[in-house]
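Scrolling down, you'll hit the structures one after another.
Both complexes below contain chain A, partnered by chain B and then by chain C.
Up next is the complex of A and B:
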């Protein structure tokens, strides 16, 4: 085969994906950086370059709102990452046992991932309805009255619960794949050395799952730091901005009076920097932990 | 050889499809002009489908390309179409033309014959810097719905002052009804009570209060505004339990079931109430924020939206023909009765629920709703502060201070 022609083929085959990626990801990203330096508000023929003014605004005039959104995003991210990982590992270990109907359990736990966030949001909106929802009815039996998603003290906790419920199946599948790749001989050797149950899990399973833990942590951090959709459906950022994540805050700024798409683009860049830094740090520590084992 | 043939085949397909597309567009443009319209009122699609069909029968040389998407997706459609210059008629509102740069996208329609068909007051509401950019659709008013049956049962008249309103709500509560139903889960509906109280408590005292905020002659920390915020907090205590957990869309349904004495909302909800329970005996009134009945005659009204023509449109003639067509009385009357909104054209025959709101509008002193008097570019965080206020997370004084701080802090972003 002609060497030159064989070099072209990989590029040719990659080309459709590269073109689509450039069109729908790369160019819009570059465009976002550009617009974040302008006062663009919808009129493509009439906007000005404003330098770093939008960034300055985010950390001066709108500091309270932006800082509150960053704080809530970090709380949301850390809590979801810890809870979802812990629950998913436990579930993966459980459904990895030789149980009757284990495929049914796996499918059931994974099901929310198929439903889509809008359906998940609507289901839980009905469940948490403070007037006719089942949770409210149950609480009423114990003489507890709560607006649930409308209560600023518990709204974030409920949103975190829904987020974990909706995505734990996906993490569970990743952990399950990790568990099934651990050779049985290691457990047998550990058993001979006197390790079973918790000790076997602690010293054999967990170390060998580290690469999966890293993948899950990184995916969850990226996903949760940018969360917008589930908040939009469940609480719209309220009550009293108690669930106003940065993604949701940016969305409100795109269309709110007194704002501009240029400003929202600058906020999106701030979000990008935060995600990049957190993922970088998390990856650094996770990788180091992997090599320790 | 095979590879070269495959690549040639791919190139040929691209060229052929490209040529076909190009010839298709060229061919059709010679015959017909294409009038491109975008709208955020998907709920009006059935009306426009029929209207567009009639229009095309009258003007066979104009082909209509009509796209409507839900409000939440509209900004994306609006931005992409206007940026690409692929739209002639745009559905919009005054918010779209507040700044000079945003107005610059649209044609100045001031003095165009089509506008003479509409009420002068309606055009005044749409005016920006003395110019009209919109052909108005309708008006909406900030109103409070009341259940006539409950009030009759409690042996009370329609309240005309705050004390009367509060007493009526409390009596309703004692009887087991929701005093005032409010769907606060979506946050933004707090805008309705704020707009209604502001009209009767702030601009009833000083009609230029909002204009004077610009040069600091008035402030949100002035007693008149703090009083208004205190009243909002008091009103919040009359909302049904767990009001912050009820979705906005559910509130009219609850009111229609006859479970609540009052509902602070917008006139647009009348159609939803009637649709949910046609037998419900209800009325509309001004939310009486003041204890002086005369102050409570200020009624906030805003435009329900309108059509704008893009400045660079190559089909301005077709767009103007379309605007003339929808402004013909027969077509406009159908529109008003389809959308159940307040007409902005004289002599339009309307249904029961619209005439009820129209009577209220005619009997009161109509002023632009507070939100439409905002300084462009300024920060008004009243939704968040209002929700905090009714859930007792902030005092009226602190909320007023924060509003003033936000306004002054955003001064460098104010626009003309």
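Up next is the complex of A and C:
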């Protein structure tokens, strides 16, 4: 029996979701294309079509700023993706062992994901405070003076550290799920063949975890290439634009006066193309290494 | 015993070090929150000598947190409840393929997980529909944004509920909507807990959307209230730290009791294959 086929009820039930989804997700995603071709500046009744003007501006007048933002975004994305993956795989393998405190470790490492970006950002603003934070106190002990987040040479590295600190628990949980789906017999077989420790990790665990690595890498790339919230709290893009990622650049453009929001839309399109390309490349290489069992 | 010790020594040492790196910054916030400003300025990293519980009261009153707390609760409750109900209603016809193109609809909801949200068009539509700076506008927008993951998790869950149940209910004369609300919904409790927790945490913690879509101070939730407060009182870290703890407390309590649902939601939400 197919009770729904000739009935109006299924559509009625779908309606609220379809309306909300179209208005607040679908339209904004597609609408970016349109707004990037206008001089929309916040006044919904008065804006004009300007063709590719916004894109021209991004690649001529604002070339330095945009290119700097793209460069920082790529550094941020690649470093975070590599570090976070490597660390969280190791952590997942470690907490997957039968240790007395396993669940304590797991919860502690995962905790920042519950606290949210604002709280995490404020915690580290305090810890990295150049006057009264513990880090600068510690450095003073060794006669090192540093403005930490205020120093354009190391601000990006510190932001990357906070990003990994805040999100590695999330990837760890995903890897843990992957590890627990690997059949134990495979390890026994490997053990009989003389592989244990590092060898069984390298030849059994890693290959079978590859599909999880793909998922993690793609999630991280999408996340980091668009990042601006953590930067908004920690540095606001400064000092000297040294932490100005593309996401942050777009965000500031939306709210800075004089600059049209249409221009921000054009930058968001550029961002979309970059995300699409990077995800495509990463997916291609990562999927090729996946093994079935 | 000796072998056991040496085998678990290294993992324990590494994990303990990591746990300390996680905990020390959080404990430092607690430490600072309990100090008087004078003690903090004189000795910012020593362990607090005389806990100043009044810092919490001062943070609560000087940042006008009672309004923000109320707003945070309203947003969190209605967004989480809204996402669960709207997504359940949509997931049932999709999971049972009761409409033409249900596969397409499913993919449409899923695709949003990979597409970046356009802030500018979203601002436009919020203004166009007069939803800027209103409770209902903000809640509706957040529900819309949370649907993708929810529909994905619910559809998978409903596919695991036997179809025979639908048929038995139909024979007994149970209507379509009544079936979903009175029979299906209670069965979906684990999935609803998971999705509800995820959207509640997301809404409670969100500070970008309130910053963008809510202008009046009276409408803002805790997060953006605290962010504004930070701008006014950069110098007084003990009060700010107390404010941070006030925001984090409900989350930590929820995490301790409902960890299972949160973790299962994260795993389910990301393994979309």
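Rule of thumb we're sticking to: the second predicted complex is superposed on the first by the 272 of 293 C-alpha atoms of A that agree within 3 Å, B and C clash if a C-alpha of one lies under 4 Å from a C-alpha of the other, contacts with A are read in each partner's own complex, and residues count from 1 in each chain.
By definition in this document, a contact is a pair of C-beta atoms (placed from the backbone, for glycine too) under 8 Å apart; a residue touches a chain by one contact, two chains touch by 3 or more.
Nothing here was measured: the structure is a model prediction, and the numbers come from that model.
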Chain B versus chain C as contact partner of A:191, first or second or both or neither: neither
Please work out whether A:59 is in contact with chain B alone, chain C alone, both, or neither, and reply first, second, both or neither. neither
If you stack the two complexes on chain A, which partner ends up touching A:41: first (chain B), second (chain C), both, or neither? first
Answer with first, second, both or neither: which of chain B and chain C does A:21 touch in the superposed model? second
Applying the touch criterion given at the start, work out whether A:236 contacts chain B, chain C, both or neither, answering first, second, both or neither. first
Examine A:31 and indicate which partner it touches, taking first as chain B and second as chain C; both and neither are also allowed. second
Larger contact residue set on chain A - chain B or chain C: C
On the A-aligned overlay, A:148 touches which partner chain: chain B = first, chain C = second, or both, or neither? first
Taking the superposition as given, does A:285 touch the first partner, chain B, the second, chain C, both, or neither? neither
So in the superposed three-chain picture, is A:105 touching just chain B, just chain C, both, or none of them (first/second/both/neither)? second
Dual-contact residues of chain A, meaning touching chain B and chain C, are 5, 9, 12, 42, 44, 129, 131, 254, 261
Which of the residues in chain A end up touching chain B in this complex? 5, 9, 12, 39, 41-47, 57, 60-62, 65, 125, 128-131, 145-152, 235-241, 254-255, 257-258, 261
Would you tell me which residues of chain B are touching chain A in their complex? 3, 7, 75, 78-79, 82-83, 95-96, 98-99, 101-102, 104-105, 184-188, 241-247, 250, 312, 371, 374, 376-381, 384, 387-388, 391, 393, 406, 409-410, 412-413
Touching residues on chain A, where the partner in the complex is chain C: 1-5, 7, 9-14, 16-18, 20-21, 23-32, 34-35, 40, 42, 44, 90-91, 94-95, 97, 99, 101, 104-105, 107-119, 122-124, 126-127, 129, 131-134, 137, 165, 170, 173-174, 177, 215, 219, 222, 226, 228-229, 232-233, 250-251, 254, 261-262, 264-265, 268, 271-272, 275, 279
In the complex of these two chains, what residues of chain C are touching chain A? 8, 11-12, 14-16, 18-19, 21-26, 28-29, 32, 40-41, 44-45, 86-87, 89-90, 92-94, 96, 98-99, 105, 108-109, 112, 114-125, 127-129, 140-141, 143-145, 147-148, 151, 166-167, 170, 175-177, 180, 201, 204-208, 223, 226-227, 230, 237, 240-241, 244, 247-248, 251-252, 254-255, 259, 262-263, 266-267, 270-271
